[in-house]
Structure formats: structure tokens, C-alpha cells
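Take this structure first; my questions come after.
Per-chain numbering from 1; labels A, B and C assigned in written order.
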Amino acid sequence: MDLPALVDHHCHGVLREGPEERGAFEALLTEADAPPAPGTSYFDTQLGFAVRRWCAPALGLPAHAPPEAYLARRRALGTAEVTRRLLRAAGIGAFLVDTGLPGPLLGPEELAAAGDGQAREVVRLETLAERAAATADSADAFLGALDEALAQAARTAVAFKSVAAYRHGLHLAPAPPAPAELWPAADRWLSGGDRARLTDPVLLRHLLWSAARTGLPLQLHTGFGDPDLRLHHADPALLTDFLRAVRPTGCRVVLLHGYPYHRTAGYLAAAYPHVYADVGLALSHTGARAEAVLAEMLELTPFGKLLFSTDAYGLPELYLVGSRLFRDALGRVLGTAVAEGAWSPADAPRVAALIASGNARRLYRLGREG
Amino acid sequence: MDLPALVDHHCHGVLREGPEERGAFEALLTEADAPPAPGTSYFDTQLGFAVRRWCAPALGLPAHAPPEAYLARRRALGTAEVTRRLLRAAGIGAFLVDTGLPGPLLGPEELAAAGDGQAREVVRLETLAERAAATADSADAFLGALDEALAQAARTAVAFKSVAAYRHGLHLAPAPPAPAELWPAADRWLSGGDRARLTDPVLLRHLLWSAARTGLPLQLHTGFGDPDLRLHHADPALLTDFLRAVRPTGCRVVLLHGYPYHRTAGYLAAAYPHVYADVGLALSHTGARAEAVLAEMLELTPFGKLLFSTDAYGLPELYLVGSRLFRDALGRVLGTAVAEGAWSPADAPRVAALIASGNARRLYRLGREG
Amino acid sequence: MDLPALVDHHCHGVLREGPEERGAFEALLTEADAPPAPGTSYFDTQLGFAVRRWCAPALGLPAHAPPEAYLARRRALGTAEVTRRLLRAAGIGAFLVDTGLPGPLLGPEELAAAGDGQAREVVRLETLAERAAATADSADAFLGALDEALAQAARTAVAFKSVAAYRHGLHLAPAPPAPAELWPAADRWLSGGDRARLTDPVLLRHLLWSAARTGLPLQLHTGFGDPDLRLHHADPALLTDFLRAVRPTGCRVVLLHGYPYHRTAGYLAAAYPHVYADVGLALSHTGARAEAVLAEMLELTPFGKLLFSTDAYGLPELYLVGSRLFRDALGRVLGTAVAEGAWSPADAPRVAALIASGNARRLYRLGREG
């Protein structure tokens, strides 16, 4: 199916150099924080197989080249060339980059240049707060600096993003914190907490509500991810009361990933006009099963509410894999619906274009393509 | 696959007139309580596409006629003719109508006449209680009037139905309320609550137990629905202790809809002899995916325990869509099982007839068809 | 697809004699604890259909022979011959038998002899504790006897197994109980509890941690099963904190079954190097849908982490059904992935062999086959 250039509405930088070694490469193929179990490899996953399938040919190897051959080819070409080849093959026209992750990563403009697309920034709320806390000597100073940082970010970013699901879980009190909660929470964090890692639920709520009031869309991590989350605390259904409370502000909320609660995310996008859902991680990590997972997302999610992203991080492979799995899965799901007569031949490409780019362009006010 | 006339064991009235305008029509295509997000339409959903696919031909238009053409044709034919055509095309022989929703709707007999079927009533417990409360001047008067209304309803209705999932959530205490809980709860509601909307968990439990003691099947909403529920509070697994507690009464419990917890509903129907499951909303709202969702329901649910319904409300389109999606999905799921050799060619139509009508006729004691 | 002889890493004994009567046979086709609902039969389930499909031919009848004909043939052949035929047809090379269930069952060696395979024992922790409690006259005596029984079991068993999901639910405190908790809990159980059924959460945690410290893999029931569990309390996500806490001990944890939370089990196996997942009950009880369920398990579960089991109990039919459904489903899932180009033709049989036996041989240190 012909698609317009994709808008990747949630992604991250890739490494400036490397990784050279197999272990370092494998570590970026998984959400785990440790080497694989003895006798196993992170290449032996749906994502690992998808990398060999889609990326080996882009580097001039046969599809499914073995891991060692692939990594050798990667080293021979050099990081810049590998990045350029994989990103260009992804066909992404706009990269909305969450810049809140640390590391020697390409910035949004560099990424977009390598991929021949345009870049915009998504600002991670917890990172803003951690930066504001780093030098603050009082709750007043911290909250003031945070306010200022939020206002400044809102002038250029296209969205805010929160990882409250990791830091606390989504079972947050739905209302904005009262001042009588907020200042003591800030005091506690500054005096006793790890300023490099915000986990206080009052401060997390303050971030969500501060972002909501800017009028920018708010991206929320939901569903699976790193092993520092409790999966059942990342069920987007837990956000229901927050979604209701924030609705009058006009804030539009994007539920990222969602898997294995992606059907719940679809329900929320169907039930609330200001809620959107995303494919994200759920496709890259399920590989050969991306069609099945995408089809489940297309059960309840209104077709004007589903967004494409790769959630790529570290490896440019994740851009190409995310993009190719999405295109392929979307073509199959919609092709099946048309072949069975359930959808009309005219609706299918229209809906495909919405999910590939139109919904994101409307939501983030990116303007027309080109 | 040839099926007997369907028993729609859970449905609602349709509008006497209209809707005329696109906005009003779209509002009945969604469980949301608000206009669609800017730039989107509730026609751009699986349900919207299914309406265009199945209902346009029944009104003399090509399948997938555009929404405006469809609505124009609808207006030209007039509500009565549209209703008659769509209902007759649905092939439903018996309508078990939940009469607890307000609005200018056709009553069960009118609906059945339009659809050339038979009608029976399902009585919504919360509506009975709200009617009894409307004029009661004391807890005694309220509880007495409610008892009487329940007894009277039990003489003619085929089942009771509860929307406790919406009003409180399914995490109710499992036991019947003691008198020392019940009277104070009634007092509180009558003196301070909104008598038009029962949400007190003690009174909701009283309704469930009162219904259970009548010997009629008890239909419980589970899974997705209006935005006034919290989806995770509508997980049918939350009913486990209630199901165990109510089992000795002989009450048979029907778990409606269930999606996205329909596999859990199937487990409960497999684990407890007195529990049944339903397809309901889960098929209409997933459209082209109805086959996949029905197949999931047929994993654990014993074949003598699954029931067909449309949960249609407001629009006669929902009867035709629910019926056609069900027939089509069932034919595909069972056809695949036979083609792969997993099921015998003789079992498939036997099981299909059970789900289409036999299970409901046995459960609700409707007698043989015809 | 050619597979090596299977390792059934979690199974149970089968009846020495019978069952003769249809009711007794049906009772072993279901997890329910009661006769089927009036007008229904446990043969009318995916498992019932799978038994008729796969087992009737192994007994010399046509596939899908009716239940009465099947049971008559079974009686004519006699239990020993039926058991031998069904077990041999299953192609299982190693049986890891949970010996903690009561009843007139074949022991591991008898089972393996009938099936022409090898047997190893999996020791059920709660049964060990109940045996130790039966004759203990003090907490000291009980805990000492339990320690000794654990140490002795660890010398010969290949794994421990817990049914804490049934007895309490998986929402256990993650840490090992302190002595100040443990002795009083033992006292309470011995003085007031049912010594034949351990449900105390402190003692259940003590069992888990005691097993973890032996270095043997720990199998945990998760997901659906008997009606004495609350399904949402068997969600493996509830184990997250325990999994983190136990990780430094080196204990490897196997999440059994998981359905309908099998995708969550796959996430945990992906996120934590010491966690494994299993197909178990989820295939036998979903029958014609085993391919779909297995495909979902293969979304996130690393291919070196998924294990085959039948969870067979009572009926030898469950060995053949579990084995055939698994082989068939695996062949289809992997065949589809290869046909679509998503997996290479060389990877598919390699991964199939891992799931069929290699992963279990590595995890349980069974040595090479043959």
C-alpha cells in the first residue's frame, strides 16, 4: 500500500558511534537491563529476527544474515553510513524526538538530517524537573525554575511526555496537587531524594497538570517497557479518572505503546474525544506478529486517533524495523479487510494515510507535508 | 452457514423517529458522550464501516455508500421503513429487550413487530429501584415498593439485568447486605442522593441478591461501555466471590460483552456451571475484527454457554450490523476449524445453532422456535 | 515440522484405572468442580473436541468419533492399553512430573514406562509443607521437618512448584518472611488451620524463598486453573516485586500457563533474565485456537525462554492432546512466519527445537537427549 512519508511521533536519538560489540548491540535490542540468560541471545526474539530481516538488506547483506555477519558489516560500514542507510530506508518524513534520555546520541536535527526528514522536539517532563532540581536550593526555587522551563519548552516543543508509569505507576490521584501538597513534596525530594530520578507521585502529578495547561499534547508511557515498571501499574485504564479530570483543560492525551493493554488504550481513545493511542513499541518488539497486534489496536481505536511511532532508541535499526513492520502490518490488516468486503477499497488508503501521518499532523499541528 | 432465527438475548429499543442529523446519528455510533475530536468522525470506526457495509444495501444503496448519501437515503425512506427493513434483514426471531433505558424508543412489542419476531422483557434492576425511590418517603416504603416491583417483574420478565459495573464497579462485597447495612443505605440515598441514579454499593448488592432469589437469569454488564465506567472495574474476574456466593441460590449469571476481558468471561463460564457469556457489544464495535474476537470467546467458553446479542440501542442499524457480523464471524471461525480438521463437519452447525439460539432458549426457557 | 522428542516440563500422573463412566471422564476434561450446566456437556468444549480429534484415531476409531463411542472403545481396550497407546503417540521423551496431587495415579516411573520416556520429579511445595505439618507438634518441629524435606527433595527433584496462586493469590509480599513473622504463622496454622490445605501467605512466601535458595528452578502456577482461584489474583504481573527480590539468589522462575495473561508472562520473561514462560494449559484448553494462543506467547517471550508442557492430569488423553496441539500450532505459527519472509527457513526449526526440548534441557540440566 502506498503511504505518505511517515510521521514518527515518538522516538529518541541513536548512538553517535557504535555499538561495536555484540553484547552492547544486543543490550539495545531488549528492554531488559542485564545480559541474556545463559544459553540465550537477544537476537533470538521477534525484534532480533526483524532486524536481520529488514536491516541486513539495507546494509547490502541477504535478509536474515547471521548476527555475527551483520555486526561485522555494520563495523565495516561505520556508524554514520549505517545510520544514514537505515534511516533513509525508513521513509520517515518527520521525527518527533523525545530528548529526555541521556547518552552520546544524535540530536533531533542530526537525526533528521541523516534520515532526510524534519525534526521537532518532545520534552520529557521528568527530565525537565530533574534539571530544575539539580541546582535548586529551595522548593520555591525549584518550582519556579520548573515553571520557567515548562513555559520555555512549550514555545518550541510539539508535545510533552511523561514516564510516570515507570516512576510511580499510573494509579496517581487524578487531581492537580494542592499547594499544601506540592511544596512539602518538593521539599522532601530536594532534601532527601535522588535528584537524578523523580519518583514522587505529587510532583509527577504536578508535571502532568503543568503540561496539560500549556495546551500541547501530553504523551504518556503505558504498557510494557523497561523492567523498572510493574506492568499492571502501567495499565492505561488506571488513567481514567485523570483523563476525566484533565479533559476540561483541553489537553489532548496520547497513550503510548499500551501492549498488552492496547485494547484498553483503544477503548479510552474511543470513549474520550481528547485521548489518542499509539502503536510504538508494540510493533517493533512483536515482529512477525505486528499484523496481529496492529489489528487489535484497530478494533476500538477510532481511525482518526491512532498514531505511528517507532519508539526507536540507540540503534538506527529500530527506525527501519519499526517503519517496515508498520507498513507491512498496516497493508495486510487493511488489505484483508478490503478483500473480505468489510472495508471499501477507497477507505483503506485514506485510513492508512491518517495513521501514517495525517493524525499526527493534525494533533501536533505540523502543517501539511512537503 | 445456515443458522436458525437468532435469539438476541440482550438488546434495547430504537428511536421512534430519526435521527435526522449526522451529529445525532454519529452519537449513536459510539459509546462516547461527546462529539468526535476535531477532524475526526465516528463513521471512521469499525462500527461506522460496518454500518456502511451491511446497512446501505438493505436500504437500496451500494455497500459502503458514503455517510452523507446513507443519511440522505435514510431520511428519504423515513424512520418506520428504515427500521422495518433493517430489522427484518437481521433475521432475529426473538428480542429480549432491556427496557430500562429512557427515551422515545419503540417498546418490545413494537420492535418485535417491526422485526417480525417475538419480544420478551429484561428488567433493569437499577431502573426499578430508581422508580421505587422516586415516590418513597422512607426506607421502609422504598424497600417494600422495590420488593413488590421485583416480584411483579419476575412474573413476566425473562431476566434481570444490572449495570453495577457503571454505577460502582464490579468490586462489590460478595454477600447480600445485612439489614443493618441495607436500611441505612436506603436512608442515605433517599435523603441525600440523586434518586435518578443509584450508585450506592449496598443497594446495588441488594438488587443483585434480590434478583438472584427470583430464579431468573441475571445479566451483568462487564467490560467496555459508556465513558462513565472505569474499565478495570468492569473486569468480570472481580465478580468471582459474588459468583461463588450466589451459586447456591441456583441463580444463573450471564456476563455481557466482557471485551477486552472476554477471555476472562470465558474462563468464568468454564469454571462455574451457573455462569454464561455473551458476544454483545464486542462484535458490533470491532467490525472487521469480529471474527478474531469471537474466536477468542470460543477458546474457553463451553459451547453450551455462549449467547448471541446485539446490545443494539437507538439505531436499527445496530441490529443488522450485530446480526450480520455475528453470522459472518461464526461462519468463518467454525469453517476454519472444520477446514483444518480440528472440528468435525457435523459438530460445527450444531454448535452454531446453540450459540445462535439454542443456548438462549434453554437458559431463558423460551420454548422451541416457531 | 520435525521436532525432537518433547520434554514435558510440567505434568501429573494419570489414573491407574478408568474412568469408566462418562461423568467421571467429563470431570477430568474441565477445571470446573461440578457437573456441567443442565443441557450442556464438557465434551462440547475445545478440549473435548480436541480429545475426539486426536485420541479417537489413536484408539482405532475415526477422528471425531462421538463421545459414547469413544468411551465404549476406551472401556473395551482397558486402561493400561489406552494409557500406553495415548502416551506413546504423544512423542514425549521426558516427563517432569509434579507429584503433589493425590489420587490413584501412576507414579513418574510408571508413567514414563508407559510413554517410553524418562521421568524426573517436580516437588510441589505446599504438599511438602502439608506433609510436614501433619505430624508436627510445634512450629519448631514443623519448620525443621519442612527444611529437611526441602533439602531431601532438592537432591533428586529437577524443580519445585508452587500453587500459591490458588491458595492465596500472587499478591504476596515480595520479601522472605522474617523469623518474627514465620514462627507465629506456623503456630497459627498448626493450632487452628486446616493442616491439609496451606493458605497462609507468610508460610507460602517461606516456601518460595526456601525453594529459591536450593538453586532449582521454581515453577509458579499463573493464570487460569481450578475455580478456587480468583483469576485476577493469578496475573503474573503481581509477581514483579518478588521476581526482583529473588533475582540475586540465582533462582530461575518458570511462569506456568499464564492464560489469559500469557502476554504478561512473555513480558516478564523478556524483561528478567531469570524468568521463563510455559505453554501448558493454555493450549490444551483452547484446542482449535492453540495456534493463535501460542502465537501470542511468541510475541515477547524470548525464544530461548519458552517451554512446552501438557499439564496433563488424570487422563492420558491430555498428554496426546497437549502434544499434538503444540506440534501442530508450532508448525503453523513458524510456517507462517517463514512463508511471509519474517523468519528464515533455518531459524524456524532451530527455534522449534528449543521450545520443544532444548530450553527445558538447559533449564533443568537434563543433559542431551538419548
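Definition applied: a residue touches a chain if its C-beta (ideal position, glycine included) is under 8 Å from a C-beta of that chain, and two chains touch if they have at least 3 such contacts.
As the structure is a computational prediction, the values presented were derived from the model and not from experiment.
The rotation relating subunit A to subunit C, fitted on Cα atoms, amounts to 120°, rounded to the nearest 5.
Here subunit A and subunit B face each other with different sets of residues for the most part; under half of the interface numbers are shared between them. The distance from the centre of subunit A to the centre of subunit B, with each centre set as the mean of the Cα atoms, comes to 37 Å.
Residue numbers of subunit A whose C-beta contacts span two or more other chains: none are found. Contact residues of subunit A toward subunit B in the complex are 235, 237-238, 240-241, 244, 252, 263-264, 267-268, 270-274, 295-296, 298-300, 302-305, 336-337, 340-344, 346-347, 351, 354, 362. Here subunit B touches subunit A in the complex through residues 30-32, 34-42, 44-46, 49-50, 52-53, 63-64, 224, 226-227, 230-232, 259-260, 285-289, 292-293, going by the rule given at the top.
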